[in-house]
Amino acid sequence: MADLHFREEKVFKDPVHDYIYVKDPFVWSLINTRAFQRLRRIRQMGTSFLVFHGAEHSRFTHSLGTYEIMRQVLSHFSRNHNWPQDERMVRLALASALLHDIGHGPFSHAFEGVFKTHHETWTRRILMEDREIHGILSQIDTDFPSDLLSVISKGQKFPLLERLIASEMDVDRMDYLLRDALHTGVTYGRFELERLIRIMRPFGHDIVIKQSGMHTVEQYLLARYFMYTQVYLHSTTIGSDVLLGKILSRARDLFQEGQLKYCPKELVPFFEKPESEITVEEFLQLDDTVMHYAFSCWREEEDLSLRDLAARFRDRRLLSSVACRHPLDVDTLLEIQHAFDDAGIPSDSYLSYKAISTGGYLYKQGIKYVGDDGRLRDVCEASKLIHSLVPEVYHRFYYPKDLVEANHDRHTLVELLHKLQR
Amino acid sequence: MADLHFREEKVFKDPVHDYIYVKDPFVWSLINTRAFQRLRRIRQMGTSFLVFHGAEHSRFTHSLGTYEIMRQVLSHFSRNHNWPQDERMVRLALASALLHDIGHGPFSHAFEGVFKTHHETWTRRILMEDREIHGILSQIDTDFPSDLLSVISKGQKFPLLERLIASEMDVDRMDYLLRDALHTGVTYGRFELERLIRIMRPFGHDIVIKQSGMHTVEQYLLARYFMYTQVYLHSTTIGSDVLLGKILSRARDLFQEGQLKYCPKELVPFFEKPESEITVEEFLQLDDTVMHYAFSCWREEEDLSLRDLAARFRDRRLLSSVACRHPLDVDTLLEIQHAFDDAGIPSDSYLSYKAISTGGYLYKQGIKYVGDDGRLRDVCEASKLIHSLVPEVYHRFYYPKDLVEANHDRHTLVELLHKLQR
Amino acid sequence: MADLHFREEKVFKDPVHDYIYVKDPFVWSLINTRAFQRLRRIRQMGTSFLVFHGAEHSRFTHSLGTYEIMRQVLSHFSRNHNWPQDERMVRLALASALLHDIGHGPFSHAFEGVFKTHHETWTRRILMEDREIHGILSQIDTDFPSDLLSVISKGQKFPLLERLIASEMDVDRMDYLLRDALHTGVTYGRFELERLIRIMRPFGHDIVIKQSGMHTVEQYLLARYFMYTQVYLHSTTIGSDVLLGKILSRARDLFQEGQLKYCPKELVPFFEKPESEITVEEFLQLDDTVMHYAFSCWREEEDLSLRDLAARFRDRRLLSSVACRHPLDVDTLLEIQHAFDDAGIPSDSYLSYKAISTGGYLYKQGIKYVGDDGRLRDVCEASKLIHSLVPEVYHRFYYPKDLVEANHDRHTLVELLHKLQR
Amino acid sequence: MADLHFREEKVFKDPVHDYIYVKDPFVWSLINTRAFQRLRRIRQMGTSFLVFHGAEHSRFTHSLGTYEIMRQVLSHFSRNHNWPQDERMVRLALASALLHDIGHGPFSHAFEGVFKTHHETWTRRILMEDREIHGILSQIDTDFPSDLLSVISKGQKFPLLERLIASEMDVDRMDYLLRDALHTGVTYGRFELERLIRIMRPFGHDIVIKQSGMHTVEQYLLARYFMYTQVYLHSTTIGSDVLLGKILSRARDLFQEGQLKYCPKELVPFFEKPESEITVEEFLQLDDTVMHYAFSCWREEEDLSLRDLAARFRDRRLLSSVACRHPLDVDTLLEIQHAFDDAGIPSDSYLSYKAISTGGYLYKQGIKYVGDDGRLRDVCEASKLIHSLVPEVYHRFYYPKDLVEANHDRHTLVELLHKLQR
């Protein structure tokens, strides 16, 4: 790695950050790898585009944006707080931001549910096994790949970097909130990025804020709250994920029964083998386009359920849902399943009961501030607003409204659905 | 069509227009068709995402946006200029805006070049032959589909609508300039949409502007100029289109020689038949995901050129180019081709010479203003700035820089390339 | 009032709303009155510009903006909820939005505190006594001025209009939050205006929201919360108001003792007479420029306190403050006052103890939503977040830091100030 | 000047640049001077607020913004082009940006026309004579004030700094275009600031651009063009300046005849003395509030013309104008003057004939780019668009429409005015 820096900064034009600056050829090389370029073909927000039509941006753009925020944080920290002091630490930080999502496949949520894969596993394997990526990382030094993995997988060796890349106030979230807000067209996800960076500071092994920045943290946590409740957990988006899971399960079952007529070869390993036997090369073949192509094929399968499910996803005829007043007990669920099965609407293929928790952001183990007395305290001790952001759980029951309405037994089914809401 | 309007407006959240309003169930039905939903899988800006990473939005979002601007123009016109006066005309206008791109396939520019297809043809056939779309249109009345086609294909029956949907100052361009500017992150494409709408007015069979709005038109035409020169005609984007064309030509040739191992069945009709024999159903199977899937397959073909070309596109190792001082003559081109062929770099697969014209926007036959004397004049008579926007032609020569650098004959080749620039 | 509408809408270009539309000549006439034009010379945010330098915009721009939001609300209501149905009601609504601040003088907060004036009184008197304004209003009909006054002063005759112009979710607040956010450069005050308008609806005598819009109301109330805590109640701004009050009190005292050398004649009535004896004509002479001019004069007074206070305001050498741990008791306050007086720093002129309440927005008597059962409930019953927004009181003690530091007794004074913080 | 830098950067929140960063206590001291704080009371855009109501921002905000852009340019230059290399040069640059407008008084254009003062003179005198400013500057070293003056007054000692602070592509213009665009609400003034900074570079004694940045320069020059034609030279704004000039001339004449009843003492020196005899202290007393206060007084003068003119400005009853087809000859002008004088409308007080040139931006002596051959050329050689931006001259005749319409001789006058337009 002869040159530490390009003579002139290279830039990417970005809708969120205006410009993304790259001065380090090492970063440039990572961007140009096949594994990283593949992220262009994986949408950041999965099925959200079916609800917010603008949500069509890729993990590629988000990964660049995460890198850029990390770059800005480091620049601010080194100007004002004298850290980090060595170039290797900077490169660990920048590479971890750039590559934190490298192990994601298409529609991670639904896909990982059906195939029992884990993006953390694939991140590790790509960093350590992909010849191109591993080669570039190893040029820094032989320990670099494993140190980078340690940062991303929270190995506790580089606590400050871990906090920056994955914590209640990390550069990953900062980028995706702003980016997803821009593309969906909502204003909820906006917060004062520049000010948030200014109030953060390294403090021992933690990243903390100064007390006068409390309202900025409130604003940032509320941006998260609104994006989760209004966008990420939108009931129709969750229904789209349900539908996707149904498609994949059904296809897998048919495949294993030898009944699946069409199957893109890229999906075969996932149908045939456990995660541990799939190669990195096989994993990197997967992207959104493979999935969409599979759905396109499957709308011509002989199996009626798979045909219908695939067509629904393609043409956006999604599942409907009702909000359940109370968590459903097993007896109620069985009753409904039987009723649908009896009416000729296979419950396996069409019904789903979901508990949706807004509690993915347990900030309470989270952000600390330095009080007047120099002690660290959790921000929720000082902010009623943050204190009020407790997780909540909602229950929804998903079903195919059109099939119900066209069914001879529709009165029975509708009555059952009404019962859930009472 | 019992209900003329929904009781409450339905809305789509949009990053450009904030909200897109739908009050007419007829419009709602068109949006929910399979042919329209398919536009979600076709990117608006083709290969531009390889240069501006944010350019990942689809023709679906642009089509909704075009509809929304048309809706706003009609609302303004009816409030201030007493036109249109009947609901059928409004529906023709809205449907033409919504469906103006319905005949586009994936990567239109390169695709149509190789396969000799025409999106105008497919628009016509979808409106007239697609059962779902044609059915909804026919519910208005039996002439509606052909009248709509007349508007979109400039049949001169509805001159004002034609001007609104396709002219030098149309709602199509207004939306894509704003939308593409947002997603690429450049500011060049912005103009004062609301003011532009306010200065437009119907005048006989034309849409004209009032003279005091001259600077607003200048700003709009400059937005176009900048988007073309800086974004749409970016040399790397054109190089990506060249690469795409090379892939498709090579695959078609191999197919026709019986040498293509893998081919998604959706592409087969285009390899086998002339456009006129392809069915609407076959056409509607095509989208970006099919193409990406094909490229993924072809990187494992036996043919070395196709393998390499497909991998280049997937992993973003694009063709390089040099700006030519003068248009190249046939002898020079032949000399270069031979030299590359001799060096073992097949010119057919890798070289391209392009004349790039910024003159796609011949506004001079374009926008009229009403002068003080009540006469119509072209805006370029009143504006030196607009007058200066004449088309220009650039010439670039595309080639694979990495192959040249790795070639034993590289000195000869480099010297030849230098000659082009002199 | 012959013409109901201009043939073409007139517009104002506005940094917040893009355009402000005026179609009614009645509104146009009101804008062109002397009393309304005077609002150009009164800053919307009083002394805030000393903290947020961009806060230089006037009540004129805010009044136009409030009108525009009212216009949009009425347009939405009449399109979707069939109200209001008569033109007189529309005009009452528009005029109340336009004129709601007409009774404000310069730096209302500090000014009204010292001179015991009330902007509500002056609004009433201007509507009823100013020849120009009253004349235009009376052209609608003889009851119009008093009906308008009823709307603005909550006479309970037009409950829906009263809610729209002054309640927990009114067009006044909507405009000033967005406008003040823009000019100060903070993002805190932004919310989804268009969506907020869409979820509002008339319901009996109240304006309520639909339940699905709960998060939009949360966002709006949080915008308020942040603007109050971060901007409006900024400790330095409050200190600037304190300073202003000190200047005015001191000048009034000197005037009444016959010791004030310079006094702009426009201020004399307020020094000499109770509010009830001041004429509308005299009131309308007042604006920010008179006040600034007075301060300019007073920096050359013989009285040392007034000279110094006026110079401080002009040159931005403001009072400092400490946050008090507990509310101060009378004894402590007296002790401090004596200590400062003894040190030669007149406590009357320089010290102030302020209890600052963030509770100006008691939304709890506030916004109702229509539940699934059709009953009205307060939004804070459904939102933990809103429920957490209870008023809080802070206590600050203001003093002249520079004078303390230059004082021979500084150690005593500093020690006393430290005690307040413990 | 012990400390070179604050430990933590201080910031101002700004609507244009988000944050303005101050790390140097020297800059902080200059901002806190009386002369600089005075700029808060002088509006950047003079009388433009009478046309664009949002144009209420001060020279204070613009001066801070100019400083911030200079800071960004220096940061970019030192990162990428290794200049400037010493701290003194940086401070000269920052101070010149901050203080470039320090010599401006209220409504410079009209004021300087009537009183024959020059802001350049006052800048020089403030830098050299104002005790506070000169003191801070002299703390750097004894030559610093005169070197700073050399930069601002183009003494050719620091050519690069001169180019940065005042040339066809300077930080002053960059800030005011963006700032004025924001506040007026137009989009015309926007350009890609960050990109413009990136393409600029020091080259010998000049600041030039790289050729690939040509379109960015085009966009910037067009922003200027649009802001001048659409905003700065708006015919109503020029009419407001005309009115202001009429007020000041009339007041001065009356003063010199001993007929002016009210006169704020701050204006007296300007009525009595030539510029050279006015003290810096007297000059610094002047600001917008003095002027507005004077107009308020003068609407109660006995002189009918002054009364009326002052009331017009206060209540926004401006002069009207007609566009003249041709430049007017002396005979025509005399004929009109006589006709108005005969009709009892004093031509001296009410009429004005203005040639308005859009040619204030003679960029042709302007911006250079580095061609492929390493030679410098003017950008207008490479850009047809820039080449088309030649100055144009318009002629308008201003008169009081209301007085004409109320005049017994109105037919004669109207006929004369019509003649001008033919």
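Each chain gets a letter, A, B, C and D, in the order it is written, and its residues are counted from 1.
The definition used in the following text is that a contact is a pair of C-beta atoms (placed from the backbone, for glycine too) under 8 Å apart; a residue touches a chain by one contact, two chains touch by 3 or more.
Predicted model, so just to flag it, every value in this text is computed and none were measured.
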Third chains touching both chain C and chain A: B, D
Of all other chains, the one whose Cα centre sits farthest from chain D: A
Between A-B and B-D, the pair with more C-beta contacts: A-B
For chain A paired with chain D, centre-to-centre distance based on mean C-alpha positions, whole Å: 51
Averaged-CA centre spacing for the pair chain B and chain A, given as whole angstrom: 32
Distance between chain centroids, defined by C-alpha means - chain B, chain D (Å): 44
Of all residues in chain D, the ones touching two or more other chains: 18, 186
Touch list for chain A against partner chain B, complex: 12-16, 18, 32-34, 37-38, 40-41, 49, 52-54, 56-58, 60-61, 64, 182-186, 264, 266, 285, 287-290, 292-293, 296, 314-317
Sites on chain D touched by chain B in the complex: 186-188, 190-192, 215, 218-219, 222, 225-226, 229-230, 384-385, 387-390
Contacting residues of chain B [partner chain C, same complex]: 7-9, 11, 18-19, 79-80, 194-195, 198
